[in-house]
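This structure is in structure tokens; I'll ask about it shortly.
Residue numbering begins at 1 within each chain, and the chains themselves are lettered A, B and C in the order written.
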Amino acid sequence: MSSPDDELPGLGRDAELDAALEAVLMVVDAPVPASQLAEVLEQPAARVTAALERLAGSYAEHGFELRRTEEGWRYASRARFAPYVERFVLDGQRARLTRAALETLAVVAYRQPVTRARVSAVRGVNVDGVMRTLTARGLIVEAGVDGATGGTLYRTTELFLERLGLGSLDELPPIAPLLPEVDDIDEL
Amino acid sequence: MTLAPERTGFQVTLHNFTGPFDLLLQLIGRHELDVTEVALSRVTDDFIAYTAALGGSADLEETTGFLVVAATLLDLKAARLLPSAEVEDEDDLALLEARDVLFARLLQYRAYQQVAALFRELESSARLRYPRAVSLSPELASLLPPVELGVDAAGFAEIAAAVFRPAPPPTVGLDHLHAPSVSVPEQVVIMSGRLEAAGQLTFAELCADCEHGVEVVGRFLGVLEMYRSRQVALDQDEAFAELAVRWAPDSEDRGTAAPDPGE
Amino acid sequence: MSSPDDELPGLGRDAELDAALEAVLMVVDAPVPASQLAEVLEQPAARVTAALERLAGSYAEHGFELRRTEEGWRYASRARFAPYVERFVLDGQRARLTRAALETLAVVAYRQPVTRARVSAVRGVNVDGVMRTLTARGLIVEAGVDGATGGTLYRTTELFLERLGLGSLDELPPIAPLLPEVDDIDEL
């Protein structure tokens, strides 16, 4: 069984380079420039660009496509299926905040600035997707990097305060009185 | 935990172990034995040696755990119940039972160790697959209605409190009335009062009012604790004889039979 | 891009249904249950499940895969490209679990809900410190109080399952073959 510390898979063959690009592009949140991909994969930029163009041309039968924008390359849904995609996005579960999203927002609000890993530990679930949603909805923003772990820190926004009808974070109701059985909530 | 047994003629290096069962399994493995009752017999001396070497570096609770296993192994060996047993009287029966319990717990622990090794493998392969979890593109995000939290500040604080609250509201069970939890410090208080008044009591007398096995265990650990803190002295004429507990605060006279993990 | 009011593309052909699923799965930020996809696409659940399984089997040559967990389906990068993917996505390091932590997790996983005292009895050592660490890292969580002893009960979390790459607790390998009759050993 391999681990991340193992030797890197060789990308000499075009098929392997293509697959490595697919792996990275499938999970990266923002468009990635070809130059950055070339650097990380330790391949010549020209070869990587050629591979990206080859990949982009290979998905004709699929419901997704590899799109090139000014910021870089990213996967996107094919326009033909937009009605379904939009219906999915507007589906009740997606349009309003879920209980999971509210709980995650609560942890950020009362622990800010805080890393995703910390929020995840408090809630006992992976919160990456929910944190992205909260960011996309403008309720939280990135706020620097945690010195100890190198993880990105998050805090709540003005929009968050506005939605709760608060003037500042100082007006957030204290939660300690709601937790009489807990000596020190920072321990949690 | 680090171990450096400085004993003439006995020098074995083991991997770090995480408790008496782990040590026993490692010793069995070192002798290339299967986990059988024969193995328990063969590794008893090694185990006792390590337990003796632990004394200075381990805390009371750790040492106690090792001592319990060591004492069981010694009993078994002394009674020559290993590797084959001949049942002659009730003491032998009790020892057979002790052997079976130790053996079963050892096998149980080994099963969980094997699962832990499997978890290690699962973990190292699971971490290799990263899920797609991307933000909505701006054009799709713009389709969404303005975000609403659906709660006011007080409701939001309630949600936060629910997240940070460590456990659901405890349910009131009546079972605890029948099986009380036992705290060693409490047992120490009970016993030191009686010993101070009586001067000396046997362990059986100290436990005369115990209703549950767990209380007896608590009192025994309490006696060990009091012995360690030099409040009592212990006397026992021979193995399995009556254990006499004498009130002797800060005495140098610490009895004749109690095992001293430091030596 | 078309608007939601356009006529929906027909999904009568399997190839079209597959492509529509690919399009929708491109925008998810969490695993999606087949039932939700069936609803959005207005197709029978059985047909959608069959399509998802067909899709999952069709990506062997690609750098990504379509994975099914208890919560649903989503794309993931293929394991062998992890060294490259991690250069993009790893946000803070995830420390390795110690042997003591893994052993403790193993007991909690198979005995849950379980008290610290019981875990301690199985391992033959005090587990308070390890249990605290596992709680702080969100791998186990408190789950009420044992009626008989008054001890706090613990169970594993979704984060634990995710960490091991398991879809649900049912996927834990059976421990019975490894064990003698153990049910009552703890009581002794």
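Throughout what follows, contacts are C-beta pairs under 8 Å (C-beta built on N, C-alpha and C of every residue); 3 or more make two chains touch, one makes a residue touch a chain.
Computed from a prediction, not measured in an experiment: that's the story for all the values here.
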Identity of the most central chain, Cα criterion: C
Most widely separated chain from chain A, with each centre as the mean of CA atoms: B
Whole-Å gap between the CA centroids of chain A and chain B: 44
Between chain B and chain C, centroid-to-centroid distance (C-alpha), Å: 32
Centroid distance [mean C-alpha coordinates] between chain C and chain A, Å: 18
Chain C, residues touching no fewer than two other chains: 1, 26-30, 64, 75-80, 82, 85-86, 89, 94, 162
Junction residues of chain B - those touching two or more other chains: 125, 127-128, 130-137, 140, 166
Chain A residues within the chain C interface of the complex: 2, 4, 6, 8-9, 15, 18-24, 26-28, 32, 40-41, 61-64, 75-91, 93, 115-117, 120-126, 129-130, 132-133, 146, 149-152
Complex contact set, residues of chain A against chain B: 1-4, 26-30, 74, 76, 85-86, 89-90, 94-97, 102-103, 105-107, 109-110, 122-123, 128-129, 132-133, 135-139, 159, 163-166, 171-175, 178-179, 181-182, 185, 188
Complex contact set, residues of chain B against chain A: 121, 124-125, 127-128, 130-137, 140-141, 143-145, 147-154, 156-166
Residues on chain B engaged by chain C in the complex (per definition of touch): 18-22, 61-62, 65, 69, 101, 104-105, 107-120, 122-123, 125-137, 139-140, 166-168, 170-171, 173-176, 179, 181
